[in-house]
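Structures for review follow.
Look at the two complexes coming up: subunit A is in both, with subunit B in one and subunit C in the other.
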Partner chain A sequence: MPEMFPKFTTSIKLKYVKLGYQYLVNHIVTFLFIPIMVAVSIKILKLGPEEILTIWNSVHFDLVQILCSSFLVIFIATVYFMSKPRSIYLVDYACYKPPSTCRVPFSTFMEHSRLNLKDNPKSVEFQMRILERSGLGEETSLPPEIHYIPPNPTMEAARNEAEIVIFSAIDSLMQKTRIKPKDIDILIVNCSLFSPTPSLSAMVVNKYKLRSNIKSFNLSGMGCSAGLISIDLARDVLQVHPNSSALIVSTEIITPNYYQGSERAMLVPNCLFRMGGAAILLSNKRGDRNRAKYKSVHVVRTHKGADDKAYKCVYQQEDPQGKVGINLSKDLMIIAGEALKSNITTIGPLVLPASEQLLFLFTLIGRKIFNPKWKPYIPDFKQAFEHFCIHAGGRAVIDELQRNLQLSADHVEASRMTLHRFGNTSSSSLWYELSYIEAKGRMKKGDRIWQIAFGSGFKCNSAIWKCNRRIKTPTDGPWQDCIDRYPVHIPEIVKL
Partner chain B sequence: MMLSLKWMTFFIHTIDKLFKKTGISPSEVDVLVVNISMLAAVPSLSSRIIYHYKMREDIKVYNLTGMGCSASPIAINIVQNILKTQRNVQALVVTSESLSLGWYPGKDRSMILANCLFRSGGCAILLTNKVALKEKAMFKLKCLVRTHHGAKDESYGCCIQKEDDQGFVGVHLGKNLPKAATRAFVENLKEIAPKILPVRELLRFILLTLIRKMTQKSTKTGASARPVINFKTGVDHFCLHTGGKAVIDAVAQNLNLTEHDIEPARMTLHRFGNTSASSIWYVLAYMQAKKRLKRGDKVFMISFGAGFKCNSCLWEVMRDLNQDGNVWKEFINSYPPKTITNPFLEKYGWIQEEDPDTFCIPDDYVIP
Partner chain C sequence: MKLHYLKAIYYFGNQAFEGLTTLNIKEHMFILLNYFPAICGRFRRTESGRPYIKCNDCGVRFIEAKCEKTMDEWLEMMKENASIEKYLTPNQIIGPELAFSPTVLVQFTKFKCGGMSVGLSWAHVLGDAFSAAEFMNTLGKVVADEKPNRHINLAQMKTKSTNTKSPIKIMEDPLSIKRVGPVGDNWLTVNNCKMEAFSFSVNDTQLSHFQSKISSKGTNFTPFEALSAVIWQCIAKIRPESEPKVVTICKKSEQNKVDGNNQLISVVKADYPIVEVDPSELAALMKNASFDEREKIEIAIKKDDGVSDFIVYGANLTFVNLEEVKCYEFEYRKQKPVYVGYRLDGISDSGAVLLLPGPPKNGGRTVVAILPEDEVIELKSELKSEWFMD
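Up next, the complex of A and B:
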């Protein structure tokens, strides 16, 4: 008992010391400014009104001097405003809500698995184990073609899935933002594993009769982080074209990529990837400044492809029977952790408050000069962001990031609940998570959001947004009918 | 999938050559754009290139697919946008086509056509806005215009990848493809002409059109010939996408080009076939090998693609170019060939008269 008491008191003292330090460093300018102002005003008050008048009259101002200095001020102000990069706003976004007919509860998945893989009971066992620990719920969806036994993925079916997902998302986005198709200047579509000719972007242009001078781009093969890559591309193009809006569609088409063999490492994606898509509208128009939901602050991209292990950890290849599937290596978590470290090294100086940066600098210097055994200081990112959207790649990914960034269960709730309700929808999962936070009414004006996504290659990309206006709790959207049931407790293992 | 990896090795060879020619190391590349129409692999081809060359972590990389034969100007458009906002950037654009997975094994004739025309090929291009590299540069981009006719159903459906009745996947080339191409082409020209032609030519065209309109109104006797805008006043060389003999002929007729102008495109089609997005770069290499490109010349690139897109751009030649390290080096002297007739027609032409249903190999024929 007596031993516990000292620990308790020292930990309280440390907590308050840290709080005090943070407050001091972050508001240092105010702390310096106030005493100076007080001193100056005391001095002036001591002088008395007549003396102030005489000082004022003795200061001559020539007409030329006034003109020159005001010209200089105006010139500098103009140069400053013209050279600022354009602000990019996220007007609104919409996520695709699959119909309940496409639902795949555990029982359906296991029954289909048993029938499709009846010659490989060990592989069926393996799939069951993965599903039990996956963190997915009973309401995730697969496209209609995959519900057949055995699945028959034709190109026609893949195009159908693409049409359903993409067109629904864009329709609901257009309804929300009231934008006309002819007003869209830039179109970016990203879908990793399905790229027909003509591209999905051409399909969108055809359906909505977009303008003929539209700048369209179709990205593929870039994995689950492609959504943020599209945002980065849209930002670059919007910097060059004033007064424009960009439509981004992020999705993953499951139909042609359902693995039909029996190699274990390649069966994992079957258990995790589900149907989903999102459409996002970005703009740099002045008129959208007030109605936009979020403002884009930074996008930081890190590519670890130069390293052998990182490159091979998510690899599409043929199995010994010639069936194509995606091979996920066992080192995925370690590589994800390293990619994240590189990414936050770049992002840290951009977003962390001064107090955290100083602490990090001191520990870094200390480790280099004094004692290498000091533990590396992990900056407290909770100081810089209010909300975190971690790509719902799988339960292990979310656990790893929660541990690395020292986040609480509340911070990763959006990611876990999205994984439970929608599964791993690849590049669009970040938008389902953001939608969850809004549906729970937690988003306030001024809140900062950090979206992190990992992808094959190996890439780690981050996007930082700031909430631009008060957001009313939405009554439509993918969470509309189930938000009241969440959050749910997701057990470690679901017994099947 | 394995075939595509073997194809990668011949690709690495091309990029190696580029790095050696320019003296730039892979770690100096800031932007990488790869476009390949019919292959979507995980990790993307751009990741494969980064892996092979150990490029930097903060590289901006984009992997475009499905954009058809006109993907080159689109990739250049991405780089153009990035180069306008950031300084001292070096960008690598890699364009190619993968045929191994796109080979059509069925019987539908509109899809067999693609088998006959498309061939392997690729190109790597290095772009930059660094002032220090101005002396080394070959070309300068003047303007780029993109036109997308996907909104029209006939244009969208004329070149589409789909399954035939037996379930084989192939690229269907419709009969209305030339018409859709012409429409897109005309609209693209309308937009780019004011940007590249001298004012003199534009004024002349406007005047002639006005005069024709007025004379048509006053008399009503048969229409006089429509005034044609002369692109040769603003453009010295034409890089046409080698979509096929018909495409080259149609474009030549529309723009009033001579045999000399379209010789590079015809010879590229003869030697390399339709290499999809990279074909215009082979045409450019032919011009360079024939020593046609002199400082100050303007080169106009036109390409068509599925969707239906027509993209064009104008380059200005920065210095007199000769044929160092060119892909045409070994056989440029045999071009243009005296005849383009198939040299094997005499020996094997008899097979075209055979009836597929009753065909059998004749007894006296020795298979070589």
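Up next, the complex of A and C:
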């Protein structure tokens, strides 16, 4: 017991020291400014009122000088305001909630797996082990055609799934934002593995009768991080087009991509990927400034494709029987960790408070010059952000990021619960996580959110948002009927 | 009861399922299954080997099928060869993997004319025909948007049979059941010969004719007793070497309405040759057979913790009284079934006879006999000649 006390008191002392240091460095300008102001005002007061008046009168007020200086001021101000990038606001977003008739409990998944792979009991056992450790719950959904034994993936079925998911999300979004189809100027749809002709964005234009001069884009093949790529693209297009709204739809269509073979490395996506989709409305209109939920602060994209191992780590290919599936390599987590480090290195200077950046700089210098054995300092991102949305790619991804960024269980709760309730819905999972945080009533005005997504390529993309207004706990949305049951404890291994 | 399977086929005309997609039909079934969690589960074995159902939301197997004949053509074909009806029901047994074997399967077969048949395969271990009919009737209620008055709860306590105060004596197995070799995880009865089913209807006039012919000394027999006595004698005639002297009778129990296997199982023994006796005596025997063997059966099962395997239907010639099964009450979108067929699978060699209510427009009864295939033709001719039935 006595041993605990010294440690306890030293840790408290350390904590206060750290706090003091942070406060000092982050507000250094104020700290420097105040003494200077005090000194100046004392000096002025010492002079006395008559002296001040004489100094005042001695300054010549020439007309030309006044005009020139005011012109200069106005010029500089105009240049500043014109070159400032437009503020991009996220007006609102909506997530698709699959009906409970599409749900796939563990027992159903295993039974179907056993019947579809009846010649490969080892593969079935492998799937069972993956499912037990996956972190998924019993309410995740697969599209209706996949419920057949064997699955029945026709193109028509894939289009049906796309229609149901995308149109529901967009209808929900239009209801929330009260926007009319004619007001949408930019449309971006991203769906990695299903890319028909005409494209999914053309499908949306056709259904909602969007304008003929709409700027539409369809991103395919870009993996689970495509959602943030779409956001980045929308931001850039909105810089060029003033007074516009952009509709972004992020989804992944499962029907044509359910792997029907028995190679183990390619069976993993079957266990994790589930039906889901989200629609987001971005805007740079002045009028939306007050009603928008979030303001976009930064989007940082990192691409590790130049490295061969990273390029091949999520690879779609045919198995020896000719069945197409996605092969996940064994070093996926290592590559993800490296991509994350790259991304953090870019993001750090943009968002971290000065105290953390200084510390990082000192340890970096120290490691280079003094002693390479010093542990690299991992900046404390918890000081820069209140909420973290980590792409629910799988339990391993969330665990890895929690470890790397030294996050607590509370910070990753949104990601884990989204993985449990909806599975890996690919690019739209970030929006389900954000919806979870709102549904729990934890989002306050001024909160900063960091969305991190990984995707094939290998890419690591981050988006940073700031909460723009007070957000009432929503009464609709995908978590509406189950939020009270969450958070749930997810055991390491679920016994099936 | 685990080796027996109940098969029911409901034939509907075109209006019942017109314009409905598979997804529409499935949606209603999802709501229905909320009320029957045990049906959605799968079997597991405890450490001692006794099977139990784990309610893991696995669900009911759904099969879609198409038939190139119209429903009328099919019903005509059935008159000649009733065994084709097996194509309208799923025929999967429980096993070899208990954990992946559904206990209830449903097959929707669409006919060329637009009619639809709903084929149900129901593992008898879940409940008797009354429970199965209740399941289908609840589906009808769900489709009509009525709330079924069932509680969604798993804890359905059966009223326990009164415990005998005497210690469990090593008794002989009761006559109504037969022990079968360990079936392991393949819940299938092994027969020495192929069993075939055939059915015939008895309309109201024929029925009252029967009853009056058999009634003697003023005692009135119920349709079940009358028909069973007649059929017992006919079967005895076609089995001269091994007259069925012992007959098992299964009737609806008057007691609790909880789902499950609640039938009253009793045994009738005749000590004299059946062929020569007057059918009214046989009917009287059946009327007076009121000794419920269920307790004895439970004791026999408990002897080794429910691990060994037994059969009831077919251990002796079995007569099952399903007159009160509400099979014609299954209404899909206000359409009643045109015809309902019932069968039992997994019957052992002695065979079984089921007595069902007849179609509402004809009244009377439908009799389904499941016998070894070489006895079927003989029985048909026997019934025709003796009792002028077709």
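The rule is short, and it goes like this: the second predicted complex is superposed on the first by the 478 of 496 C-alpha atoms of A that agree within 3 Å, B and C clash if a C-alpha of one lies under 4 Å from a C-alpha of the other, contacts with A are read in each partner's own complex, and residues count from 1 in each chain.
Just so we're on the same page, contacts are C-beta pairs under 8 Å (C-beta built on N, C-alpha and C of every residue); 3 or more make two chains touch, one makes a residue touch a chain.
Every value quoted in this text rests on a predicted model; they were computed, and no experiment measured them.
Novice: Quick one: subunit B and subunit C on subunit A, clash or fit?
Specialist: With subunit A aligned, subunit B clears subunit C, so fit.
Novice: Applying the document's definition of touch, where does A:T302 land relative to subunit B and subunit C: first, second, both, or neither?
Specialist: first
Novice: Between subunit B (first) and subunit C (second), which does A:R114 come into contact with in this model arrangement: first, second, both, or neither?
Specialist: second
Novice: Regarding the shared-chain residue A:L364, is it in contact with subunit B (first), subunit C (second), both, or neither?
Specialist: A:L364 sits against neither subunit B nor subunit C.
Novice: When the two structures are overlaid on chain A, which partner does A:N206 contact: first (subunit B), second (subunit C), both, or neither?
Specialist: The answer is first: A:N206 touches subunit B but not subunit C.
Novice: For the overlaid complexes, name the partner, subunit B or subunit C, with more touching residues on subunit A.
Specialist: Greater contact footprint in residues on subunit A: B.
Novice: Mind checking the angle subunit B, subunit A, subunit C on Cα centres after superposing, to the nearest 10 degrees?
Specialist: Approximately 90 degrees at the subunit A centre.
Novice: With both complexes overlaid on chain A, does A:P144 touch subunit B (first), subunit C (second), both or neither?
Specialist: second
Novice: Touch check for A:F217: first (subunit B), second (subunit C), both, or neither?
Specialist: first
Novice: Nearest CA pair across subunit B and subunit C in the overlay: distance in Å?
Specialist: 18
Novice: Need the overlap of the two footprints on subunit A, from subunit B and from subunit C, as residue ranges.
Specialist: Of subunit A, no residue contacts subunit B in one complex and subunit C in the other.
Novice: Would you pull the subunit A residues touching subunit B in the complex into a rising list?
Specialist: Its residues touching subunit B are 85, 154-156, 159, 192-206, 208-223, 229, 232-233, 236-237, 239-240, 301-306, 308, 311, 314-318, 324, 326, 342, 346, 456-459.
Novice: In their shared complex, at which residues does subunit C touch subunit A?
Specialist: Where subunit C meets subunit A, its residues are 23, 26-27, 30, 42, 56-59, 97, 100, 102.
Novice: Using the touch rule from the top, collect the residues of subunit B that touch subunit A in their complex.
Specialist: 1-2, 37-48, 50-51, 53-68, 74, 77-78, 81-82, 84-85, 145-153, 156, 159-163, 167, 169, 171, 187, 191, 305-309
Novice: Spell out the residues on subunit A that touch subunit C in their complex, using ranges where they run on.
Specialist: Per the stated touch rule, the residues are 100-101, 105-108, 110-111, 114-115, 138, 144.
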